[in-house]
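Can you keep this structure in mind? I'll have questions shortly.
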Amino acid sequence: MKHEQNHTTPMRYGMAIDLDKCTGCGACMTACMAENNVPFKEDESDKLVSITWMRIFELNNGKAFPDTDICYLPRPCQHCEGHGGHSPCVSVCPATATDYSQETGIVSQIYTRCFGCRYCMGACPYHARYFNWWDPVWPDGMEKYLSPNVSVRMRGVVEKCSFCFHRYQLAKNQVYLDGERKVPEADYQTACTQACPAGAIVFGDLNNPEHQVHQIVKPDSENGNKSRNPRAFRLLERLGTNTKVYYLSNREWVRRAGDNYLAHEKTGQVSKPHH
Amino acid sequence: MDTALIPKGVKRCPMWQFLLGLGIVGAVLLWGVYAMLLCWFKGLNQTNMNDYYGFALWIWADLAVIALGGGAFFSGLLRYIIGKDELKHIINYAVLIGFICYSSALLILAIDIGQPLRGWFIFWHANVHSMLTEVAFCLSCYFAVLTIEYIPLILENRQLDKVPFFHNLSHNMHEIMAVFAATGAFLSFFHQGSLGGVAGVLFGRPFAFREGLLIWPWTFFLFTWSAAAYGPCFTLLITWITEKVTRKKLVKDNVIELLAKISGWMIFTYTIAKICDTTRWANITAPGLGQNLADFYTGNAFYGYWILFAEIVLGGVVPAIILISAGLRKHPTWRVVAFFLGVMGVSLNRWVMVLQVMAVPILPFDTWALYYPSWQEVATTLLPVAYGIILIMISYRYLPIFPQEAELNPIEEETSTAVEAHTKSAPDLEPAKA
Amino acid sequence: MKVDRRSFLSFVIGGAAGTALSPLPWKLMDDSSIWSQMWPWTPVPPDGEVVYEDSTCTLCPGGCGISVRKVDHRAVKIEGKKGHPVNDGGICILGLSGLQLLYGPTRIKSPMKRIGERGQGKWQKISWDEAMAILTEKLSDIRNKGEAHTVAAIAGTEGGTVPALLQRFMTAYGSPNFIRTPSHQDADELAVKTLFGASGRTGFDLENADYILSFGSGIVDGWGSPVRMFRASSLWKEKNVTVVQVEPRLSNSAAKATRWIPVNPGTEADLALGIAAVMIAQNMVDPGAVAGAGGWENQLLANYGTKKVSQVTGVDAGVILELAKGFAKANRPLALCGRGKGLVAESLRETAAVYALNALTGNINQEGGMWAIPEADYIRWPDVASDELASAGLAQPRLDGAGTGRYAGARHLLNRLADAVNGGGPYPLQALLVAGANPCYDLPDTRSVRMALERIPFIVSFSSFNDETAAMADLLLPDHVYLERYGDVPVGAGLAQQVIGLSKPVVSPQFNTRHLGETLIVAARTMGGATADAFPWDNYETCLEETLAEKWDALIEEGIWVEADIAPVADTVRLAVTDAPAVQAEGDVNSFPLLLIPYDSIRLSSGYIGDPPFMIKTVSGTVVKGKDGFIEINPQTASATGLSEGSVATLTTPRGEARVRVHLFEGIQPGVVAMARGLGHTAYDGYLAGKGVNVNELIGPVEDPSSGHDAAWGIRAKLAKA
Amino acid sequence: MSTLDKKAKEAMDDDTAHASGGGDNGAGGFIILFFIIGFAASMVLGWVVFPKLLYSQKQQPFSFNHALHVGEVDEGCESCHFFREDGSFSGIPKLAQCTDCHEEPMGETEDEAIFVEQYVAKEREVPWFSYSRQPDCVFFSHAAHVVGAKMDCVACHGHIGESERSRPYEYNRLTGYSRDIWGKNIAGFKNNSWDRMKMDDCAQCHKEAGIIHTSSVQTQRDACFVCHK
């Protein structure tokens, strides 16, 4: 018995989010919460204990009225590849509750394996990982809308965006039944991509030239997967996290806000990471 | 009442006093236990930790007690491997303190994890890439070693020692203590280092991240070094406190001074290394990631340059100078000041490497996250302190922790039995001769 | 055999060894970890067959198509319907949260009658039969006394068969008091009538426009049909369409625009007229548009000189010229109005000014322009044959005065109801029916609204949710929510076509609720006589099917019916009306040096639907923190008041006072205080109630002199450190 | 000297006596005996009593005769346990499928009567206990195994298709797992591929079938997300 995946190029699922289109409407956050059984509490105003796999940050250009500008930045898990799949979080997990798949480029999180040490949260510079400080509780009757495709997380474990991996699993079922080889681009889209009313999110295989995300990002594999698109940048690219979520903006201040720069450094032109 | 259990030739406070003390500390202990149960049954929402502060007071306490408990392995190394024989007069206490520190660390970890019932996954499903895995394995092994080192001391209790099996066991264990000391030193080197690595490998956090040697970031070596340097400081500080509390001289000055001197030189070298590390990090590592030193020490209400000064100068340079210079070292007050500063310095270092790491914003559009612990966190952190004090109280009362105590504090109205016991027990405390 | 200590010890050691070699400790250790992995109190959603059912969302007037994912009988997720002409797969945050409303704790689960004091929250569950008996007996009593006109009905909308049934019920019953909740729609309808001389509404061909000039319209903040607007906004980005947002605050729409023009609050009309004046002065107008409007032109040139407009609006004269040029020179320019989501009508002066701008460019009824089209007209029921009692009642004046005298232009003036009930009206109200509306929360000066409701002896709420108005009711006759019922959804919301969507039951009713259409039919039939005759249908479904006639099959099949080819109500615009004074903010400048303006956020549902838990979770910590609501002020304003980020302050307006926290925002004009709409609920559930401040408690209605519509855009305010 | 001290001295004397007396007085024998008693008791407790306590049994709503049904249908297992259009697996049939044939009682068994009276007539789904229900954290793709790898049902489910009666459903009181998942044998031994369905068993089969992936950077095996959700 041999496995067909052995003969296909590995996929690197990733995203391109157009910040000039993003309106900060929050549909992606909510679509994610609805899709992934994300719990909620009575008071969610303390964002430091509020589970939002997809979180929208509000950036501003720091200028005074009336030259102020703001920009919204949706932040899913960046699914860092790091160097050879050693993303900041997976390498620190002591119990292998999270791993990096070379086949899909997705960083997993296995809630039943995780025992809640939270080291991965400390390691993630994007604050994409969330801890279940409380038992997940739905008001009486509301648990009816919970989806069987995603496990409900118990108290005391870390959770994060999975690029809606269950959708890939379900799409694969169909692929098996149809006798195809690969999941078609349209059959595997994340809930946030699907919901975004502004069409700001594009999701697909960064390795596949036929996928829209590849065409937008044009990743440069020779250069740490940096985008060849001058509008594109990645969050904290200099850290060498090698993320798979690319952001697009025409505004220089927005692109500059994506990374740390010394005063004299030019946006987008940074030294290579140290490792 | 319990005189039969008290080592021969020494005087202990009256039972009521002892029980009163136990009661007071026990109350703190119970408070901590209550908080611990709250955390276990209600979950970690009892703490003030949050998604930015996944590691907070507890992990700091863990790192700090393990650094401070480093006195055990380093004294053991000096005593058994290097052959600093005088240290045998303080090694018992160093082992006891180490035992307390490490058991406390394990207890705190058991409270700190979100799913204590699955804690064993760290062993069963170990990820060899994780520094925490290394910590867990070495920590547990070294705790076992410390237990083995502590057992003979327990067996030296006057009553237990009468049981020939225990007597012989104790004797035999003393014989092979060097092996354990070596094992302990080896394990300690790794887990102390791994604890340093915990922060150093975080390449997503420029404040913590350090380059290093092979797979080990510089913090790996700095942590081991600092534990070896400051651990004895803590042993000596606790010894000093014990002497003050018992109003007795328990260890001779030459022993104290020897350990203090070694500690001083260790701190001195460590501080140089730390300064080099900080300089390199501030000028090469961080700017390479687009960050200035000012990004880490300004723009918030708590973490200023003062913390760098307090850690390196007050907690490093000053105690090093005091302990190196013979005059200051021999001065009882200066010496204790140095111990205190040293303990403060290493604790501050661990604080910085845990809490400040979490506090510093990394995303350019993010802000500092400051944190203060909840009472449950404070209580559970005081729990091991109370437990440690109780264990010291009991151990001190019933075990011959300080071999020089009887000699230094002759009992004036000696009865003939006591004299006999004294003369008889003294050689007993010399494991090598026993 | 003596069991001594050592034997016992030996037994224990043996036991320990045996235990260690048995599965007990290891299996227990493993099982306890597995137990922790599947704690019985952590829900496990049951698996099943997945099906998608399409329907139409009715949570806002947008009319998006939705596709509901079901697992067996449970609805688990709402997604946007692909290929739908309004939203094509996109969906907004409220639409996504719909299941939390369906299954949520805010539902009224059964008909109930009040047993405690009003507002005390003490209710008794009753049967539908009993509930209907209470309703019909009460209404019959009033009617039989010849006082049918003293019953009023408030509806959230007028479109569709259900509101039409309510309206018909009122007519057959004999009351002129069917009142629709105010919105930008009021201003729009009035402007169309005034400018085009016919009834209708506007539609905007946004997708084909190439220069957008928005006077405060929350293009991406929920204006119009929100998902369509988001899509249009992205389309403009792709096509490099210039979007200019005129607004005192850097809203999300302003941030998305190509250019943000901060304007003094309430002076949008002046700017629009100023731009029009420049266009006329520089001869940049469509010659056809101004034919015969010479008087208007002269008036405009005389009163809206650039310098003067610049002074009033705070916009540089150069910028006004630039805007005029940009707008006039664009191929297909389009101007929009209706502040924020369009929850409040603006003055006729303002609407007319903006529509005049469109007319000046000649974009009326053109591709990429503004269309004036009739409402979809498919509800063609025979006229109600009024009996004597009904005729007498209908002959009475409307309580809100709409349609007569100085309010001749207005059709609904709910903003005047409170005053009328509180003593200013021609007669007292004996009963009030409320459907799909929450006046106790939504109307400005909620305190006087509440006071008015307290004076009405009998209030019936048809709400599906525990809202503020339901809390004031005597009888609750809960309606199904949209996912449980059939319903036709005519979509206006700025669409340039006539679109009707169909809501279908996606899940069976979760509680003991009843379709409002059904309730009305049953009520009418129970009351008998002419009232019953006006309702010849057996049930609501029959009514709907008969009403939709040939469209029914298409709607069942496609879920939507679109009429793209519609004749405009008129092609020529009668340019007039500039002499009405501007609507001023209430309050005295000296006592209240600041201006409070409400703002809309797409993350805060601000209509009849309260924010579901998902949505409130996305609200920033600088809008709500714990129970505290925030106001936005410029750091300059803050330092003048001695306030800093997060500090607590007391905000006072002529209408009320509130404890607020301060968020410093550079994107707001100094001297202006902005507060989000949609907070400060006292009803609904713990996820929403008690958070923040209801801005309507601080703002009162200000009548537009031309129509009587509430055109309040803000109120004067002062801020003091608390 | 306190009494305690004295007792200790006595004990010490005792010790000396025993030591000098050796095993002659039988004390050593007793010690070993007690050790054996303790050992044996705990072994019995652990191996025999404990499993009985740990697992509980439930009877299925009524007995189902797989063998009979397999004989009646054309396409074997897939006649009732089929793939849905979206590729998901239907699992235990719903009542609607059964009523295709069972609108009226077929045959005269007591179980048939229960089925028709209690469930068909009342339109209630049969609350079957699933022997092989994986825990919620597992994503198991029947499509990948049955269609992709062309595996036989028996490989995991054993010869359930030949069973004539439903055996009692056994489950772990602590975890709620079906006993079939952890395996019948308390020690975890298994003889057949269907004796146990734990993660290790999945891994073992994947290994034997030569489909070991190295997609997980951390484990050098299949990525976690292949089988977890």
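Going by the order they are written in, the chains are A, B, C and D; count residues from 1 in each one.
The rule is short, and it goes like this: contacts are C-beta pairs under 8 Å (C-beta built on N, C-alpha and C of every residue); 3 or more make two chains touch, one makes a residue touch a chain.
No experiment lies behind these values; they were computed from the predicted model shown.
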Message: Quick check: more C-beta contact pairs at A-B or at A-D?
response: A-B
Message: Comparing chain centres built from Cα atoms against the global Cα centre, which chain wins on proximity?
response: A
- prompt: Can you give the whole-Å distance between the Cα centres of chain B and chain D?
  reply: 46
Message: Based only on mean CA positions, could you tell me how far chain A sits from chain B in angstrom?
response: 41
Field: Centre-of-Cα separation between chain D and chain A, whole angstrom
entry: 37
Message: Using Cα averages as centroids, what's the distance between chain B and chain C in whole Å?
response: 63
Field: Junction residues of chain C, two or more chains touched
entry: 32, 35-38, 44, 47
- prompt: Where does chain A touch two or more other chains at once, residue-wise?
  reply: 46, 50, 58, 86, 91, 93, 96-97, 111-113, 135, 152, 154-156
Task: Return the residues of chain B touching two or more other chains; collapse runs of consecutive numbers into ranges.
output: 115, 118, 121, 127, 129
Touch list for chain A against partner chain B, complex: 46, 48-51, 57-59, 73, 80, 82, 86, 88-89, 91-97, 113-119, 121-127, 129-135, 154-158, 235-236, 238-241, 256-262, 265, 270-271, 273-275
Field: Touch list for chain A against partner chain D, complex
entry: 1-3, 5, 10, 84-86, 90-91, 93, 96-104, 106, 108, 110-113, 149-152, 162, 165-166, 169-170, 172-178
Message: Looking at the complex, which residues from chain C come into contact with chain B?
response: 29, 32-33, 35-37
Footprint of chain C on chain B - complex, ascending: 115, 117-118, 120-121
Message: Show me the residue ranges of chain C that touch chain A in the complex, using the header's touch definition.
response: 36-39, 41-48, 69, 71, 74-80, 87, 89-93, 96-97, 99-100, 102-105, 220, 226-227, 230-231, 233-234, 237, 250, 252, 255-256, 260, 262, 510, 602-603, 613-621, 624-626, 634-636, 665-670, 685-687, 691
